[in-house]
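Two complexes follow with chain A in common, the first pairing it with chain B and the second with chain C.
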Partner chain A sequence: MKKVKGILTGILLTVVSLISLVPFWFMFSMSTYKSEMIFQGVPIVPSDYFLENLRTIFASNFVQSYGNSLFVSAVSMVVTVLICAMVGYGMNVYNFKFKKALSIFIMMTMMVPSQIGIIGYMIEMRNIGINQTLWPMIFTWFANGFGAYWMISFIQSSLPIELVESARIDGASEVKIFRSVVLPCIKPGLLTLCLLVFLWSWNNYMIPLVFVNKQENYTIPIFIKSLASAYRTDYGAQLAGLTLATIPLLILFIIGSKNFIKGLTAGAVKG
Partner chain B sequence: MKKKLVSVLLVAAMTVSMLAGCGAKSDSEKGSSASADGDVTITYWGWDSNYYEPMFAAYEKEHPNVHFEPTAVEWGDMLTKAQQALASGSDLPVMFGMDNTLIENWKAMDICEDLTKYDFDDSKYLDSLAEKCKTDDGKIIGVQESINPAGIAYKRDLAKEYFGTDDPAELQAMFASYDDYAAKGSEVYDKSNGEVHLFHSGQAVAEWLYFASDVANMDGDTLTYTDKMTDVLSKLVTLRDANAVDTYQSGTPEANATYADDKHIFYPCPNWALTYYIQGNDPDGSGNWGLLRAPVDYNHGGAALGISSSATDEQKQAAYDFAVWATAGDGATIARDDVGYITPYLDLMNDPHWVSMSEDMIAWFGGQDIGEVYYQEIAPNMAGVPSTAWDNTIVNVRNDLSQQLMDDTAMTLDAAIKLGDDQIKQLVTDDSVTVK
Partner chain C sequence: MKKTHNKYKGAWPSAFLAPFCVCFFLFNLFPILYSFYMSFLDWNGYGEKTSIGFQNYIEIFTKDDLFWKSLLNTVKIGVIGFPIAIILGLVFAAIICNLVHCKNLLQTVNFLPYITTPVAIGMIFTFIFEKHVGFLNKLITALGGEAINFTGSPKWAPLVIAFMIIWKCTGYYMAMYLAGITSVSEDVYEAARIDGASRVQTFFKITIPLLKPVTTFLVITSAIYAFQLFDEPNLLFTNQSATTVGGPGQSCLTMVWNFYNQAFGANPRLGYASALSCVLFIIIVLVSVVGLRVMNGKED
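Now for the complex of A and B:
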């Protein structure tokens, strides 16, 4: 009975996995075809036109867009996660006035759609004088309500406060405690947030749409949208671009998958 | 301590280098678009790289002091991007493309340079198109790029197989009315055992019927939704019920791939679709295409070039010079030969020798002189209704309803109209406008 249950579970999971993975496979497989061939059958088996499609993509400013997206997402990820971890640490370890009000304020920022503030943000960036650069696409993540809330919750459930107190007794500075005691303890939470921020930033369309006014500042989502007008009916090239665009996310997920799952389930069972 | 110092220095160095790499332009750089030696940079937002790339390249060659910096913006994002730039006081481009469906919305933004300041004489342009660029107080906010006469393109091999001829004149007689399309659509469907349809997409057919409709979208302050949509969708339902239309969603890769298949015969075809859709999607189809006049001759879409009033005088003058060159000067010939666009500038447009199509395009259409069909037969009779600020809203509802009608073949015209009525009443937020 147990064996049958196991087999059924296996079949179910295989079906679900196939449903999830088939579109990705088709995306890759279609990117190896000449455009006119893509819809002449079901392109399950890859063809031999991938390099040609890549050549088309690289002839445009794909590399620069890719570099921009990597730069924007990497800097956004590192700084945002650091800020959020500090917020989480501060809110859990220190007692100060209006702590509760601040906590509510952080929660509230999650309830306001970011589109509402976009014009104000544009005015702010223009007044600082960086609206024609990549920085507006980076700064937008720094004050991240969800990230702060995530780290507050994660630190609360996974950092024994006694560790911090012991370190203090041993004479460690706050920076040292944060760096050497807190960060290693919350690694799964940090990696999960890294992945999420990278993903949000990589896929972000609205902010680049309103700020990018020259090809040199294109990020991948804007570039992919413009592919339709750049290559019009060259679907093979468009799909090759899309395939390349998913690679950093896949790599990041493969590297962090173990910690990502740990991070998501942390605190689920409190022992 | 030493380690700490090194870390601080590293962080500082990284920060400085990153800021340098992504730094904002200084004020002097910002204003350097028109320098002392007469160099002018024209920034541009538009979606139709098919048009602007060859035009800009040719103009730069003729005018080495003028440089274009185009930014490809999706058609659907153009207005949002401009509205947000305007609201936040950010830089607008010197020049931009304005689709005729949204032209009233561009007027409402009040960001365009009034071209009457440059003595622009719009009486030299096709009246029905020039009118679209005129505001109520007499300003002219743009120059129309092209006339867009539209017909019905067909695949010759399929026409021969199902109608016994690929001759345009014989087919024209066979397809003189919408009812003819329905009757023949039914025959073809039956003959092919349900494999072949006349048209590939209900949305594409509805788009054709929308532009060919003579029902205006507005009557004073009343949005005449029911009249307009009934006029359009009733014909679509007739064609759908005759199995003349397939269910592809217009503009999707799958739908575009049908241009090269042997299952769809007709495609509504404005002149800009020759390169954009037909040659692009059926690269091996040269010689296999023909063109008919639709039951009602019509103008499909089109766009105007607008100039931002916030640009510098040098930029505005250069952009204006380009717009005139592109429509009334040498650029009009380049637009005709490279893109297949015909200027609405009357002196050129009415010259039968000038409007002839390229040899390549004529060969593509099996030797048929489609320039004559478009510009001498269709263009003088084109239907058109005035633009309104709600055109895009109606177009969105039309797209949604036409796809729903195709997906659910049991859906009646009345049910579709009712559904759209609910949608449009939510979308029209202006209290002064009544939806009827």
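Now for the complex of A and C:
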């Protein structure tokens, strides 16, 4: 009886995992077909057109779009994580007048999605004169409520305050303490948040959709979409582009998944 | 400890907190306030701004059928999709938490959909659910059934979106619940086992009550997420015909899509769209406050 139950559970979990994975396989497998051939059958087995599809996307401005996406995500990641770490440090080691209020305020910022203000944001960027650049896609992450909240609770649980105190007694400046005591100490948290912000930025669709209006500024999602309208809709090429945009991220994630999931859930579950 | 805290009362806290506060004001708060101001204007983004008072809001609540439709669609998709995803996440977490071998593997595999580019999800699901060439319909016809127009009928299309949500979020919810289960002390389960509780009993009497904080968090964040739905429906239908806004019969026009279309569509009405976004903002705040109250209120 117990064995039967075990087997049934095994089958159930396998099916569920397959449902999670099959679309990825389709994506990869379809990217190896010529567009016209994709719908002839069910493309379960990869075909031989992958290189052709790659040639197609490399002939358009795929490389530039990829570069743009990398640039946007990398800058967003570094600055956002730094800002969040600073908030986390400030909220944990200092006492000041409006600390309680600020803490509630940060909780609340977590609940406000950035799309709400996107029209005002667009007008603001237009008036500053940078709506034609990549910067609007970067600035939007800087004050990330979730990141700040998450960093506060991470530092609270993993930074021994005595370490900071003893560094102070040794006469280290606050900046130095932050840089050479605190940051190394919270490395796992920093890495998790890095991956998270990178992912959000890399996958973001709506903000580029609003701001990108010329080819030089395409990010990956917009580039893929542009393939649908430019000439005929080249599904094969689109999927090849998506494969190249998704696979590195998946690999990165699988390598760091244990810490990533652990970190992500630890921050959130506490709240 | 208090002493050292006080010693550093000076400028340092501000120095560390300022970047966040300044950026929040510049890139989040100010745009929202500006949208609020614009919601009282009639403005297409370039021409003359005309102040029209509450006219936009009056139009939304009294004349705009599309607004009510988008609200209904959003609620419908959200109510179908998220509860199933949360329940499945909880059940799977309860099943795999006792596994020794493939626990991490299963967690990772099922987490993958959550980190995938929405563009990819949109395309793949189009290929799966499309009427003539979609794989699912090929399977159905091969089995002797009749092809169903999943992405072309107002009846099915919202269900496809709901399915996309379930596909995307279940693994994430599962990971959250797994973390929650792991943090529950082993002794509690041990005691239950000694008292002769079955696994099902343990699940309902121990796991669910102890995971309430996780559930609260997930319900509220997913409610907020539901009112932000845009990527999935938009991407599912843009690859088909570019002209349809909102999918078949506008059955998948979510609130954000509606407001996006008013603001950046063919006929931009920035003032009106701002008013829509302000209404959305109020809805989200209400939902989170009410959600928190209800979920925490049950305790006492």
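Going forward, the second predicted complex is superposed on the first by the 236 of 271 C-alpha atoms of A that agree within 3 Å, B and C clash if a C-alpha of one lies under 4 Å from a C-alpha of the other, contacts with A are read in each partner's own complex, and residues count from 1 in each chain.
One rule holds for everything that comes next: a contact is a pair of C-beta atoms (placed from the backbone, for glycine too) under 8 Å apart; a residue touches a chain by one contact, two chains touch by 3 or more.
Only a predicted model underlies this, so the values are computations on that prediction, with no experimental measurement involved.
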{"item": "Combined model on chain A where chain B meets chain C, clash or fit", "value": "clash"}
{"item": "Partner chain in contact with A:T133 - chain B first, chain C second, else both or neither", "value": "first"}
{"item": "First, second, both or neither for A:F198, with chain B first and chain C second", "value": "neither"}
{"item": "Touched partner set for A:I224, first chain B, second chain C, both or neither", "value": "second"}
{"item": "Larger contact residue set on chain A - chain B or chain C", "value": "C"}
{"item": "Contacts of A:F39 with chain B and chain C, given as first, second, both or neither", "value": "both"}
{"item": "Chain B versus chain C as contact partner of A:I118, first or second or both or neither", "value": "both"}
{"item": "First, second, both or neither for A:E174, with chain B first and chain C second", "value": "second"}
{"item": "Which superposed partner A:S20 touches (first chain B, second chain C, both, neither)", "value": "second"}
{"item": "Which of chain B and chain C A:F253 touches, first, second, both or neither", "value": "second"}
{"item": "Touching partner for A:A143 - first (chain B), second (chain C), both, neither", "value": "second"}
{"item": "Identified clashing stretch of chain B versus chain C [6-14, 24-32 or 402-410]", "value": "402-410"}
{"item": "Contact residues of chain A, present in both the chain B and the chain C interface", "value": "38-39, 118-120, 123, 209-210, 225, 228-229, 233, 235"}
{"item": "Contact set on chain B toward chain A in their complex", "value": "18, 22-25, 43, 45, 47-50, 69-74, 77, 80-81, 84-85, 87-91, 93, 253-254, 256-257, 260-261, 276, 280-281, 283-284"}
{"item": "Chain C partner contacts - residues on chain A that touch it in the complex", "value": "9, 12-13, 16-17, 19-21, 23-24, 26-27, 30, 38-39, 42, 82-84, 86-87, 89-91, 93-96, 102, 106, 109, 111-121, 123-124, 139-140, 142-143, 145, 148, 161, 165, 168, 174, 178, 199, 202-203, 205-206, 209-210, 220-221, 224-225, 228-229, 233, 235, 238-239, 242, 245-246, 249-250, 253-254, 257-258, 261-262, 264-266, 268-269, 271"}
{"item": "Sites on chain C touched by chain A in the complex", "value": "1-2, 4-6, 8-9, 12-13, 15-17, 19-21, 23-38, 45, 92, 95-96, 102, 104, 106-113, 115-121, 123-125, 127-128, 133, 135, 138-139, 167, 171, 175-176, 178-180, 183, 213-214, 217, 220, 224, 227-228, 230-231, 234-235, 238-239, 242, 256, 260, 263-264, 270, 273-274, 277-278, 280-281, 284-285, 288"}
{"item": "Residues of chain A touching chain B in the complex", "value": "36, 38-40, 71, 75, 118-120, 122-123, 126, 128-135, 209-210, 212-215, 225-226, 228-230, 232-233, 235"}
